[in-house]
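The chains carry the letters A, B, C and D, assigned in the order they are written, with residues numbered from 1 in each.
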Amino acid sequence: MPCQVRTDLALEARESAEEASGDLRGVSVDEYDLEESDIHVTKVVIESANGATALGKPVGTYITLEAPAMTEPDEDYHKEISEEIARQLWALLPDMTKEQSILVVGLGNRDVTADSLGPRVTDNLLITRQVMKEFGAAAYDREKMHLVSAVVPGVMAATGMETAEIIRGVTSQTKPDAVVVIDALAARSTRRLNRTIQITNTGIHPGSGVGNHRSAITAQSIDVPTVIAIGIPTVVDAQTIVNDAIGRWHGGEQTGDVETPELIPELANFYVTGKDVDEIVKRLSYTISEGLNRTFERFSAEA
Amino acid sequence: MPCQVRTDLALEARESAEEASGDLRGVSVDEYDLEESDIHVTKVVIESANGATALGKPVGTYITLEAPAMTEPDEDYHKEISEEIARQLWALLPDMTKEQSILVVGLGNRDVTADSLGPRVTDNLLITRQVMKEFGAAAYDREKMHLVSAVVPGVMAATGMETAEIIRGVTSQTKPDAVVVIDALAARSTRRLNRTIQITNTGIHPGSGVGNHRSAITAQSIDVPTVIAIGIPTVVDAQTIVNDAIGRWHGGEQTGDVETPELIPELANFYVTGKDVDEIVKRLSYTISEGLNRTFERFSAEA
Amino acid sequence: MPCQVRTDLALEARESAEEASGDLRGVSVDEYDLEESDIHVTKVVIESANGATALGKPVGTYITLEAPAMTEPDEDYHKEISEEIARQLWALLPDMTKEQSILVVGLGNRDVTADSLGPRVTDNLLITRQVMKEFGAAAYDREKMHLVSAVVPGVMAATGMETAEIIRGVTSQTKPDAVVVIDALAARSTRRLNRTIQITNTGIHPGSGVGNHRSAITAQSIDVPTVIAIGIPTVVDAQTIVNDAIGRWHGGEQTGDVETPELIPELANFYVTGKDVDEIVKRLSYTISEGLNRTFERFSAEA
Amino acid sequence: MPCQVRTDLALEARESAEEASGDLRGVSVDEYDLEESDIHVTKVVIESANGATALGKPVGTYITLEAPAMTEPDEDYHKEISEEIARQLWALLPDMTKEQSILVVGLGNRDVTADSLGPRVTDNLLITRQVMKEFGAAAYDREKMHLVSAVVPGVMAATGMETAEIIRGVTSQTKPDAVVVIDALAARSTRRLNRTIQITNTGIHPGSGVGNHRSAITAQSIDVPTVIAIGIPTVVDAQTIVNDAIGRWHGGEQTGDVETPELIPELANFYVTGKDVDEIVKRLSYTISEGLNRTFERFSAEA
């Protein structure tokens, strides 16, 4: 039985699927802790259609960084997280020892705190495409930079357009080698909120994100060879919280098979978020920006 | 038995108390619909210590405007709401046919969408105190204005000070005749979110508001004769949602006597809010601003 | 001799050209005051290459609304301006008695007050394209709406892309019938700042706007049949202020033929703006939004 | 003759005074470059009434850090500037080896880019007063912290109150040992814009700052023993630019004795600012925040 509860995290989808059926053929999992830091890395690879059905997610690689202290204002710790983001991106992006053109897309709504992760990440990015195009690599006296551009497409209520339409338009003009999409995610459990970063090479799919995009943002849909999505869960669906509570109330663990969607139908338009979401999103958006800046400036260092 | 569930709305506290015990001595209620509009007015007066204990709210007057279409972008409708706010304030404020000095306080956190109602209301206020003090009433060629000032004190995490300390400081210097405090509230039920405006002459009490103030903002605590609070519920405590769901699951209505606080203790730091909270807060803050502007400019019109 | 001083206003370019040479063949001018209001309308039509050279602006129609009280917070007055904007747009846009798809582009930088006019106008637009596409005209129970969409492309320093690239990308996907571009302009004289609205069917040209776009946004460059630009001057180039002052110091009027560009070369990176630019831009962006909303909802009313 | 041209920088006032009369009795000046960095420090001490009259500034100490690369995004360089700010503040503040309570005041208008320095500095401050008051020094496991609080009073047009009234109110309640006021300043020359930090123990005086406060913020006016002001010039008065230009046009240097105030009287309401003021203010506000955070956390380190 495919997982019933909405989550954007492959990690949680795997847990639910395992509880529900135990059939995890076509899903491989690798876990490890980073030495000398408190970061737990899980790599879920969905290898087949069976795995995709079991987890309700497309075939691809899902890397999760979990760090319990991610919500704390510890600069050194966030630097370690940024470095790990860069390491993981370096592996998923096209050959970074050669000059690449990369478009970063900040999804979400700047005016809704829990949904502002994407736009905020772009605020701190080092944008280089316009300089590289005008002056070439000579513009930067240190090592060579990649061509980094960024766009904040806005939400459909404000634009009247599908986010995918806008991105496809931009990529059709600027032909980047890769797109990195940043979005706030929905988790299944409050325990993972703001403590987890998911990096995947499958892009964004309908129903993902705090804002619930209707159309996919994938290599195919926007016609770009590589589409990476980076997300942090900042909300839980209100219905999910209730499901969990009723599951526990009935003596069980979070089983995922309690069906209560008819109980409070109006909950569909609500979500649960933390009281300190503003501080968290401000800090984590900076951590991701630094991870991206580090990724894009590492040109000759690894060449 | 006093009401168990956190709500800033006297209306909801009365419903809970009625269900729980039926003892509502010391609480009077008056309800009516405004002619030619869809606004339902409820006036709860807590008249005695017994009533205050039953509802878990201080003695005073609590006026609630309920308007199902309050979330819709209908300008004429919002104008009617603004007019009703002005009528109610006119009655609660000191004699508005004489010149009064009134300080509006925008509580909450501008960076958290659901908590930004107070700061946003002050953005659209017509501020007149500085002009009246410099040029006197001659400054305004139409009717005479009251002396309106405003302050956005910020939240304790950003200031290091209790909000009440800052307000008391400001009132000690400027000696207003009345203070009007605006704040985003927590409701018990999602059904009342963004559809209800509460106006009370009891000020703000610890535990009120989205941000949970620690000290009271009342006539006594800030040493001003009249303190009016205007609030709109924009969030529901996450624990409350779960309580309601379990109550319904057990076949009952929202009874308030199901005790589940141990189920998901981490929910204490989370709240539930609507997906369109940004649009709602933007619109309702404007409606309240207009209500206040209308109140303060009605000087000679009613004299 | 073509005009030397930078201005985005055809009105000012015409004045300079007249002073400089008097040769205004190929330029027609029509002026009138609106009845019962204080709005002065000037329509400059550049009809030929000679006119274009004389004024340093492309062939096309430039309508200017001047209203000395535009900086005042008078709601009724702003309503009149909005109505006049709608009347003028109605004439320049494609046949508005038939359903049209229109993309509004908010140029400029939201983080720079004097350059935030475009993004702010989009904040108050009634966006309908997504609703019309999903539900059709039945979505609106009043009169039929046009399909309105909007985009805020951001500035090159933040995106790494030419604004024109982004817009061309969006229009290539959504194929609007017309594009309306909003931008903050540079005037030649502080006397016209914030008191003038220019509407033109020639689009945006390199060097226009507060932010100095490098590539044109025209019917040709973004491949859309109709491109209207609406602008309000919010800044004056610092060098222009100095030129004017020296011109006056020498006993003359603003002659435009005093050449002083070498005096303070570093002024090239500075501009002059009003101390109350935040209030002004907030108010005028709302006035333009209302003008646009009025234009797009007038569907069957005129049919 | 006292200096005629408006500048908030004692450095510039001294230059003007020297040119005008050469009488600089009562003013001592000490200049030096920081080793291994590109920061030039000037310490102007106005020691007597004669000096105060000559420079048009009150008696006190004015320290200026000039750093030509201050506008560049070089993190290491900004760290050096932050460290120098901390060193200078350490000397001007009350005995920092003992626990002190310090209120930081962010003057200015967050909605006007060039005037947003003060509010932005408070955004990145580590606020500790509320934690220290609740848990005491045990709250911080590293070294002991001072009690840091912050307030953003807003501008008179938005509050109806003098900034000094609000601050005096806050200090009357919280009794800090010292107040540090942050404000955007007006310089005389565009050459010093965004490249200069002034630190003074004389507070803020009428006419200072981008927003032109009407009443002073000094030890006396707000009844706090120590009032330090930190400012960065982000604007030049439009009239000043013109004066300079005419001065140069006449073959001279910036003499300050050309009188042209009647030429363009409307310039009084305008100022000159840089096109990249948003990036600059964002970066420099962070540099000052870091300087302050460093100052306040150095408790036991120096004890």
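Note that contacts are C-beta pairs under 8 Å (C-beta built on N, C-alpha and C of every residue); 3 or more make two chains touch, one makes a residue touch a chain.
As the structure is a prediction and not an experimental result, all values here were calculated from the model.
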item: Number of hops, chain A to chain D, where each hop joins two touching chains; value: 2
item: Chain A-chain C separation of Cα centroids, rounded to whole Å; value: 39
item: Mean-CA-position distance for chain D and chain C (Å); value: 38
item: Per-residue overlap in chain C, given as positions that touch at least 2 other chains; value: 157
item: Chains that touch, pairwise; value: A-B, A-C, B-D, C-D
item: Parts of chain A lying in touch with chain B, wherever the complex brings them together; value: 109, 111-114, 157, 190-191, 193, 210-212, 236, 238, 241-242, 244-246, 248-249, 260, 263-264, 266-267, 269-279, 282
item: List of chain D residues in touch with chain B within their complex; value: 122, 127-130, 147-154, 156-162, 165-166, 168-174
